[in-house]
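Only one structure is covered here, and it is reproduced in the block below.
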Amino acid sequence: MVLRIDDAYIQYGASVMAVQGCSLHVAEGELVSLIGQNGAGKSTLVKAVMGQVPLHGGTITVDNRSVTDRTFSTVRNRISHVPEDRGIFASLTVGENLRLGGITRKDKSALAADLERELERFPVLRKYWSRGASLLSGGEQQQLAIARALLLKPRLLLLDEPTLGLAPIIVDLIFDVVVQLRQEGMTILLVEQNAVRSLEVSDRSYVLQAPGKVLGSGSAAELGKLPAVVEYLGFSAAEVGVAR
Amino acid sequence: MKKLGPVTRTVETPVLLVGLVLLAVLVGVGGDVTIARVATLAIVSVVFVTGLSIFSANSGVMSFGHVAFMAVGAYTTAYLTIPVNLKAALFTDLPGWLSWLVDVHAGFLVALVVSGLAAAAVGVLTSPIVARLSGLQSGIATLALLLIVYNVLNSWTDVTRGSSSMIGIPRNTTIWLAFAVAAVSIAAAWGYRRSRSGLQLQASREDYWAAQASGIAVGRHRALSWILSAFVCGLAGSLYAGYLTSFNVNAFFLSATFAFIVMVVLGGYLSLSGAVIGALAVSALQEVLRRLQDGQFTGGSALPAGTADLILAAVLLLVLIMAPLGLMGVRELSLLRRRPVSGERPDSGVEVVSEPLDRATQGVARG
Amino acid sequence: MILEFLISAVGLGALYALLTIGVALLFGVLGLMNFAYGEIVMAGAFAMYLFRDQPWFVALLMAIVFAVVVALLSERLAFHPLRNADPVTLMIASFAVSLAIQSLARMTVLPRTRGVPPEDFLSHRVDLLGADVSVLDLLTLALCGAMLVAVAWMMGRTSLGIQLRAAAEDFQMASSLGVRANLVIPSAFVTVGVLAAIGSAVLVARQGAVSADMGLQPMLIGVVGAVLGGMSSLKGAALGGFLLGAATALLESLLPTDLIAFRDAFLFSALIVVLVVRPQGLLSGAKVRVS
């Protein structure tokens, strides 16, 4: 199991409970999505995996190593995080942003090949290589963020709302890339509000309800049989099947 | 003890704090000249940090500029109380539109109040700054305020005597007067803390935007507490001038600011009790350090100048690293309220009790 | 006359830019508004005094060594234990560090102001395109300009520079990409030490004296310049410092004599206005992350 979250409790400040007893797992090569409304605790969970918010109960392990361990390093365990705000360095150029993606890698020739592959995948990044990253559009910044994350050669890729606020054509492009990565064997945890598209592309999905409780999980078909999930999401999995 | 009435409970913290200050008075009255001087200045410091804490304890915003208000109070008192004929000799180059300054004169109590009002007036002028800024920005802006006031006092030689000392201020501050002003200030600070404005401001301390969103006019309350705290710091400046009878502009600059910061940070800058306890403790510490530096503990061989400052800086750093919210944190001094275990003396100690509102505050509030 | 003024204004601008970068770099990387910056400058200046009889490049080298050592020590002893503290706590801590270093200097090596006779050639004047220019102004311009170019190269072209800039913009994201705090933070302090040392050399040449409290002015210049430029990027901060220096030179030649004494009051009033009206700085379009 690449990622395992067991009975996690996370709170903000003294009293606000963001995640209450959440459990989920992602196996190697799996594309798992985490869907739910705003404030369901999805991003908080991802941040907890990254060690950016403290865990108040339960465990989170990556490759059987606890992420709360003092010696645990997300970089050494090759966890790549594309945060919701994309985390682009606006004062750096596109090329410099990409360079930071591989900053820890020692295999410089393999890195160059990987960079070449990502520039093939995202041609716009080659075009704007020496442009300031702040000048890119939202969709271009998202591509930059994903490309940069891939340069770490991640064992686990955490994508937090990668299509939020983007034009429909870019949303298609991002989902295509996610499917492509899945086919390349990447292990991915995808956080999305776009439930229909996420159910479509994912092997399995978890439906999260505030405060960070799993309402149901499984494939699109399995979730469609759970009345609580159908009611929460506002559509049945049958519709997803149709869309497919 | 458990049956404290609501009134008792409301006033117990200020009463305890005034009691602490009274202890300092008794030490001063009972001691020699040096002790009396240290005690009096310690009580003036209590007045100052009480003023500072009206702003920073309630708003959670640190100010580095309050010494400017103290300066305004001190200069005002100097102008109002130096005998007129001496003033005429001291200020020969007053610009025409200020020549009336030579002739004004007031009794010390009037001068005291006017000094507070003068500082409050500067507070009114500068209140839009603190109403709009938080965190580090506010820290820099308040420091800039200190630098502006210092620059003006230091350079406007015709009016302020510049870097020459203000002299000839009659000695009007007695230890009992200082005590009275400290008691009134503590009562005022406590009153503000429990007032509607104070409580709303404390709510904004944890989450500025949440408070703003729930309809609290944070800026207005900040401005109000800023002006009130300027007034109290002006009083402190007046007492200071009236006790020392002469002072230099350098008394109101970075080293004074630093000393007061050590006091409030050591005690806990989110708590009135912390500020008062910090002022008394650091005043005592400073005196010990002064004696150490003078060689009173090392067999007469004086330590190099700067030793006291170095130790003070080290103390501040240690406090910041070990207990960033100071000794008191967000708590206030209060009597033991738990039912005492039988056999124990019921009033065997003083205990600190959290206020429920403050419990969640774990760090310095940020904007 | 114009050229002479330009050289002195641009030189002062370059010096101020240098000082400003030193403040902005630590602020960006650590959220630290470092009031002990002036004492790092003072450490460099003290080395200039100590090695005043050596050739100037030896003195300069020792100034760099002294300033870097003091910068690194302050990081290790004071700021390292406070790495997760908020900006205001850090600022108060830097006050303490500032006072501690000043007191140490006063106790040991600088109980009073020491004169450092400037090198003879500094007081010469040369003819440049018909203008009568002092060597000191030329040297200020050349030294600070060269240093700015070097910093720009380091920040723009080297891996360390890219990591520093990334960390200055978003420390959390940088570290999740593998930028190591234990590399960038000490590197930032070393860079600040070098910048402060060069600044101190110029200051000593201009003032001809060294004292324990000489750090106040350069520190204030750095802080004001950084706020004016907007603290979100080093480029903005450098520009802010440069404009501050040029404006200071202009004010000094334009203000009537009896108002020059109030220069600081004007400067800090402007600073407050900028903070209230445009907290992201005059020159920055970016969102501010000051508090």
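Labels A, B and C are assigned to the chains in the order they are written; within every chain, residues are numbered from 1.
In this section, a contact is a pair of C-beta atoms (placed from the backbone, for glycine too) under 8 Å apart; a residue touches a chain by one contact, two chains touch by 3 or more.
Computed from a predicted structure; not experimentally measured.
Q: Using C-alpha centroids, which chain lies at the maximum separation from chain C?
A: Farthest by centroid: A.
Q: What chain lies closest to the overall centre, CA atoms only?
A: Most central by this criterion: C.
Q: In whole angstrom, what separates the CA-based centres of chain A and chain C?
A: Measuring from centre to centre gives 42 Å for this pair.
Q: On a C-alpha centroid basis, what's the spacing between chain B and chain C, in Å?
A: 32
Q: With chain centres defined as C-alpha means, what is the inter-centre distance between chain A and chain B in Å?
A: Result: the chain centres lie 52 Å from each other.
Q: Where does chain C touch two or more other chains at once, residue-wise?
A: none
Q: Could you pull out which chain C residues touch chain A in their complex?
A: Residue positions touching the partner: 159, 162-163, 165-166, 169-170, 172-174, 176-179, 232-235, 286.
Q: Would you pull the chain B residues touching chain C in the complex into a rising list?
A: 62, 128-129, 132-141, 144-145, 147-148, 151-152, 155-156, 254-255, 258, 261, 265, 303-307, 309-310, 312-314, 316-317, 320-321, 324, 363-364, 366-367
Q: In the complex of these two chains, what residues of chain C are touching chain B?
A: On the chain C side, the touching residues are 31, 33, 78, 81-82, 85-89, 91-93, 95-97, 99-100, 102-108, 111, 212, 216, 220, 223, 227, 261-262, 264-265, 268-269, 271-272, 275-276, 279, 290-291.
Q: Would you pull the chain A residues touching chain C in the complex into a rising list?
A: It comes out as residues 50, 52, 74-75, 81, 83, 87, 89-92, 96, 99-101, 103-104, 134, 148, 152.
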